[in-house]
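Please read the structure below before turning to the comments.
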Amino acid sequence: MNKTVQRLVVEKKEIVNKDNFILSLKSPVPLVEVQAGQFLSINVEKSKDVFLRRPFSIHDVNYGNNTLDVLIKSVGPGSAALKEVEVGDLVDTIFPLGNSFTMPNKGEKVLLVGGGVGIAPMLYLAKVLQPITSDINILLGSRKGEDQILLDRYAEVGNVLTTTEDGMVGEKGYVTDHSFMKERLQDVGRIYCCGPEPMMKSIAKLAEEKQVYCEVSLENMMGCGFGVCLCCVTDTHEGHKCVCSDGPIFNIADLKW
Amino acid sequence: MNKTVQRLVVEKKEIVNKDNFILSLKSPVPLVEVQAGQFLSINVEKSKDVFLRRPFSIHDVNYGNNTLDVLIKSVGPGSAALKEVEVGDLVDTIFPLGNSFTMPNKGEKVLLVGGGVGIAPMLYLAKVLQPITSDINILLGSRKGEDQILLDRYAEVGNVLTTTEDGMVGEKGYVTDHSFMKERLQDVGRIYCCGPEPMMKSIAKLAEEKQVYCEVSLENMMGCGFGVCLCCVTDTHEGHKCVCSDGPIFNIADLKW
Amino acid sequence: MVDLNVDLGNGLVLDNPVLTASGTFGYGTEFDDFIDLNRLGGFVVKGTTLHHREGNAYPRMAETPSGMLNAVGLQNKGVKYFVDQIYPTLTKYQSKVIVNVSGSTIEDYVSCTEYLEGLDGIDAIELNISCPNVKEGGMAFGTSCASAEKVVAAVRKVYSKHLMVKLSPNVTDITEIARSAEASGADSVSLINTILGMAIDTNRRRPLLSTVTGGLSGPAVKPVALRMVWQVANSVNIPVVGLGGIMNAQDAVEFMLAGATAVQLGTANFIDPQVTVKVVEGIEVYMKEHEMSSTKDLIGGLIL
Amino acid sequence: MVDLNVDLGNGLVLDNPVLTASGTFGYGTEFDDFIDLNRLGGFVVKGTTLHHREGNAYPRMAETPSGMLNAVGLQNKGVKYFVDQIYPTLTKYQSKVIVNVSGSTIEDYVSCTEYLEGLDGIDAIELNISCPNVKEGGMAFGTSCASAEKVVAAVRKVYSKHLMVKLSPNVTDITEIARSAEASGADSVSLINTILGMAIDTNRRRPLLSTVTGGLSGPAVKPVALRMVWQVANSVNIPVVGLGGIMNAQDAVEFMLAGATAVQLGTANFIDPQVTVKVVEGIEVYMKEHEMSSTKDLIGGLIL
């Protein structure tokens, strides 16, 4: 699982909706093994306003085709410039970076929670979970109905549940308001969660109350992405830990939340 | 002749040879009048290695079609990035900038000398000269035969003479070695010259010896391109003058060469 | 309604906080083709000295990552030429006009200022004690408290209108120099001037500037400028004018949140000669979005 | 044949002039996946202090035009941990290993150094008197001649191998501090550490760093770093190690032409973790093209 610097070829660009798009990046050499929850970093070469690499979760992996997919939300100069890349362009990447989600016990009920573009790592995670358990529940939350994307794809790999704040898709409210949380959380063996920090914190609180094991995928400003600059720390009970190398996946029991 | 900041549309990109290319830039509004010797500046938006605008001579003008042509030699990050623009892209320009070549007397013999990419302004200059005189001699010098470009186009607007240092095209040697210089320079009313500084200096020396009026188009590092930063000065008998606004065209009699 | 007015003290009130930086805006009139100069809070004209100066030899400019080095060296035709030839062209604008004054000796500064004192159309002078591109004077005055005090006090005696003092970033503690300027009678301080830098042409193995070193400006210096503005705003009681690498309204807002009462745009004008007007508009949009009705809400509005 | 060897004095001879900058290269081993560490002249490991330090709160990083601000604040597990746990992993490399030492008091610096003095595998220490990200000590030692002299002299007494002193750019005259370091026994000086800067999130109206200000690094600072290296190389008689914004071999060559005997690469490693090896190769290519057989031709080879 050595980290490599690689120029990958953009094999496909899929515009998902106004803000989100998926890049399929093809490696000219056999893809190294990638684990669910890991990320890659991209050197955005054509934007004057970007200096450092940008980290993105691994959304999907196709070893047969040697492609990695990333689901990106356009929020600033780096992600916007990546939206302009074209099929055939080369993208300078480093991967695989970071630790990964831990696996549940055989057959255990699991809950994957994704908020906003935090749904990105959940697709590959669900795929990796499939041989281990068939009770995969994927709860996807968004503010508006139109931000509920890729539902069909997630439906292929698990039981999809949704919430929207405007109530246009699924249950109205936050992910923590979903009926699943009241009715079935106690049966869940593991929660995996990625999304905005307030969302992850409220999931973590629920998980703690119900004493369910829970892992979250954190974000932080990254200088390097591979553990040398110490810019990306988060507070844990063992002191500052790097989100890029000790994480991005943390057991909520270790976090000082 | 007001200067304007305009986003022009790339209507055509013509790769002339390995290093040189021509961009035809179309104005959505009627083109302002442009004089021979003037230049435009381009804000190269997609290169991290370019901060300031880059100046390029006006190579050709088509008022009917509202296009300006620039002939660019790829020498560094800015010009290289411009080679990557595509038809339909927008290019942020300011024009027209600088002063212009002065016109000869009716019917006067004129000599246009271009070295390397210094041939760029000579095409439009020859076109502007045509109604004034029919005795237009265009001497194009380059190091190698393969750098003699666009000869057919120049032949349409004047009597083309060539020199190459490797002797592969035209007379062997520098532009100053051309037989025209020995045999017909005394009949010339005006010389217009653009190219590497050593070339312009040797032409200037010849012109002085033979007492022929001579104008040269200078280059200098430019901060602004429109006369406000005072970065681009050259030495004249009246002190420092700005190449971008007092020039780029100077009468050699004014220069401290 | 958003009120963009700012008061720099001693009579200098601007319609909006956007000024231009000296040496990057000519005499203003060069921008007539590009913008309506009356849209600006004001403009600071070219560095002016008592006598005519040819400036440094060329090359005077080198591009650097997100910035540029210049070594112009205060080329100008002298204050008399300014008063006779340029001043009359400037009186037609409503925007405030500020003259940037430089010198090699205290007497130079004083004599140059005396030419400007009586001119109704000149609303303030900006005392440049921070030019890194001249052999004598210039930055030397701005890098020690004692010399800063002397030159500011001397000019203060002969100038009654608004006296802005422009500080050098090439110092260990800029707040010290700012306090000296304040104590000696400055009505405001502007910062930063350029940071001393250098670039080399590796092919020719020679410096890219005729003077070897020159002044760095542009977005590269913005973080340093912003830090200094914040430090100075927290240590003097006179208004601070912030500059250094401002390229857009968001940058300008950063400086104002850090404590600047007004901002100046320099190098940005070279890349977009219409940037100043865009920044005026952008500040207004920002204030509306953040429900600020007066620039007082913006100035020093950083939440710690 | 090109000889890339450089001699930094007091026994520190590098196979080539390329070092890494402290705090940007971890303990070196993190780069094993990317490069052959033996290709480097040497590497400077993370800032080490006497006691364990948690560093500053987050956010610790902000991107700026062609650069970044950091406010890590010397997070490290202390010198004892380094000696016990890290040191054994470093002895296998041929490249020279330099430990960057920091402290809040002179006693800290001295005690920390004493742990390192006896280690065969540590070839030099780099005394960091220029960290802008800690409340006590750090940069304070590097901004006055008197305190620089004291700390360098104290460490010199307990350390016999190569002593490199890392200078702060946040000063009026860096040559003064460099001369103080030289006079107090430094074998070489390295410069620059980061320049104090700041950035603001206009939306949230808050500083982007938990510490409000932080250290600027990357290509944005290169012109300033190069100028300081040139100034210092012309005013001390010990070797100078140049750094600040070096991104490629051409940048490295600029520093060496300006007078640096070796260079360090910092922030560049974040964008391309293989950059160091590319710079070693690029320097060799440059020397061949310019018909230089020894680094002596390159160092200080600027033509004025």
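The letters A, B, C and D name the chains in turn, as written, and every chain counts its residues from 1.
One rule holds in what follows: a contact is a pair of C-beta atoms (placed from the backbone, for glycine too) under 8 Å apart; a residue touches a chain by one contact, two chains touch by 3 or more.
Keep in mind it's a predicted model, so treat the numbers as computed, not measured.
> Where the contacts of chain C and chain D overlap, which chains show up?
Expected: no chain.
> Starting from the Cα centroid of chain D, hunt down the chain whose centroid lies farthest away.
B
> Any idea how many Å lie between the Cα centroids of chain B and chain D?
47
> Calculate how many whole Å lie between the centre of chain A and the centre of chain D, each centre taken as the average of the chain's C-alpha atoms.
Going by mean C-alpha positions, chain A sits 36 Å from chain D.
> I need the residues of chain B touching at least two other chains; which ones are they?
Within chain B, the residues that touch at least two other chains are 48, 50.
> For chain C, jot down the residues that touch at least 2 other chains.
Counting only residues that touch two or more other chains, chain C contributes 64-67, 218.
> Based on the touch definition given at the start, go ahead and assign the chain network to line, ring, star, complete or other.
Its topology is that of a ring.
> What's the complete list of touching chain pairs for this entry?
The complete list of chain pairs in contact reads A-B, A-D, B-C, C-D.
> Which residues, counting only chain A, touch chain D once they are in their complex?
Residue list for chain A touching chain D: 2-5, 43, 49-53, 94, 220-235, 239-240.
> Over in the complex, which chain D residues touch chain C? Could you list them?
For this pair, the touching residues of chain D are 64-67, 69, 143, 170-172, 195-200, 202, 204-207, 212-213, 216, 218-224, 226-227, 230, 245, 250, 253-254, 257-258, 286, 290, 301-304.
> Tell me, which parts of chain D touch chain A in their complex?
23-26, 30-31, 33-34, 54-55, 58-68, 70, 72, 75, 218, 267, 269-274
> Quick one: which bits of chain B touch chain A in the complex? Just the residue numbers, please.
Counting only chain B, the residues touching chain A are 45-48, 50.
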